[in-house]
Amino acid sequence: MAGAITPVVRVQRADFDMDTECAALAPGGDTGALVTFTGLCRDEDGTLGALELEHYPGMAEAEMTRIANEAIERWPLTALAAIHRTGRILPGENIVLVIAGSAHRGAAFEAASFVMDFLKSRAPFWKKEHRTDGSEGDWVEAKDGDTAAMRRW
Amino acid sequence: MAGAITPVVRVQRADFDMDTECAALAPGGDTGALVTFTGLCRDEDGTLGALELEHYPGMAEAEMTRIANEAIERWPLTALAAIHRTGRILPGENIVLVIAGSAHRGAAFEAASFVMDFLKSRAPFWKKEHRTDGSEGDWVEAKDGDTAAMRRW
Amino acid sequence: MPVKLVYFAWVRERIGSAEETIELPESVSTVADLLDHLEGRGEGYAAALENPQVIRVALDHEHTPHDRPIGRDVREIALFPPMTGG
Amino acid sequence: MPVKLVYFAWVRERIGSAEETIELPESVSTVADLLDHLEGRGEGYAAALENPQVIRVALDHEHTPHDRPIGRDVREIALFPPMTGG
């Protein structure tokens, strides 16, 4: 890549859609591969009413930008975006979107996977569960597997 | 997974869009991760006028379905689609779309990557290049790296 | 027994035909035998099949190695170069 | 020197406050010292910080290990549980 690209990083309450975000990236004529990752709110067999997504304003964007720039250093990317929602999110709704573009598919897959692994373990977001039975749910606990996923890079 | 899903497999001239295809899959409440791969026609620094995509009707769909079903056997997927365009495709246009949904991100990333690797080396499609200088281009040659990519699975 | 042959990409261009139906001679038992037989059918075939090891063959829509016999029930045999889709 | 403390998720809930500005005592040099100091400030703090090893700390928006000194120019210190975004 001649000249490193600038990643798109956003934290927002509103939903996003993939086609709009990919088009906005305008990844250019050298892009042969575009990988998107969308993280969705699972319904936990009907027991989950909603997730409440809390974040650390300022640091969330800063940390996402650090992760994105690390990916841009490691792979020859033509486009990179990381968008994370906050607030109340219902089962089936989108939580997070990562887009990685490159000339070839290997770099696009790896960069998207890398960004997601680091987002999970390093970006300051926390999920609280609200149950369909009306009881206040718990804060979601971090998974050991997520730290392991990050360490493989 | 209770009950294996049925993959969506299509060969078509028309373009596709990711959001429509993902919505049509209706991946269900257990889907926490949705990975898409889009293969695009690169402009080869302005020298490529168009790609002509030839395919073997009948076998293309059959082979894509075999690859998709193999992925469904190997990973706990909630959704899987593979859509490949044929005919004349201009630089910047879409060629292929793979979508893989799962409860967790690892399976979705791996399944999408697996399907792409096998599509490249096993699905009967061939690309011919038309040059911007008007000369008839060559048939694109298969890359050794693509066979290697397939063998890692 | 008549069998339909279909050709794709530069195999099709060099042979100069997209499909034809031929009678398989008794001497043709495996896929490799068929490629040998076809190569002798003229200049276009010879050009298409000069490096038989790169030619991919599908029997009734399934990839098939060159050392496999061609079953008596096979109806369509496809010859083509390595795939470059995706 | 006054420093702004911000709390998130169950750290915020247990402490019962989202942010406050305190004067860092001379005895507090590292991040670990700060956690020790805060734990003694009352029941809510004790509940939030009973397992200090799980608490993540950011100095001016950067993740910081517990053994690091807190620089004199630090303006905002955040305490929170392990992240669960994505």
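So that you can tell them apart, the chains are marked A, B, C and D in the order they are listed, and the count of residues begins at 1 in each.
We take it that a residue touches a chain if its C-beta (ideal position, glycine included) is under 8 Å from a C-beta of that chain, and two chains touch if they have at least 3 such contacts.
Source: prediction; values computed, not measured.
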{"item": "Contact-graph separation of chain B and chain D, given in steps at minimum", "value": "2"}
{"item": "Chain centre separation in whole Å, for chain B relative to chain A (CA means)", "value": "23"}
{"item": "Distance between chain centroids, defined by C-alpha means - chain A, chain D (Å)", "value": "26"}
{"item": "Chain A-chain C separation of Cα centroids, rounded to whole Å", "value": "48"}
{"item": "Distance from chain D to chain C - Cα centre to Cα centre, in angstrom", "value": "72"}
{"item": "Touching two or more other chains - residue numbers and ranges from chain A", "value": "39, 105, 116"}
{"item": "Junction residues of chain D, two or more chains touched", "value": "none"}
{"item": "Every chain pair in contact, whichever chains are involved", "value": "A-B, A-D, B-C"}
{"item": "Parts of chain B lying in touch with chain C, wherever the complex brings them together", "value": "39, 53-56, 58-59, 62-63, 84, 95-96, 116, 119-128, 139-142"}
{"item": "Chain C - residues contacting chain B, complex", "value": "6, 8-10, 58, 61-63, 78, 80-86"}
{"item": "In the complex, chain B residues that touch chain A", "value": "17-19, 22, 29-43, 45-46, 91-92, 103, 105-106, 108-109, 112-113, 116, 149"}
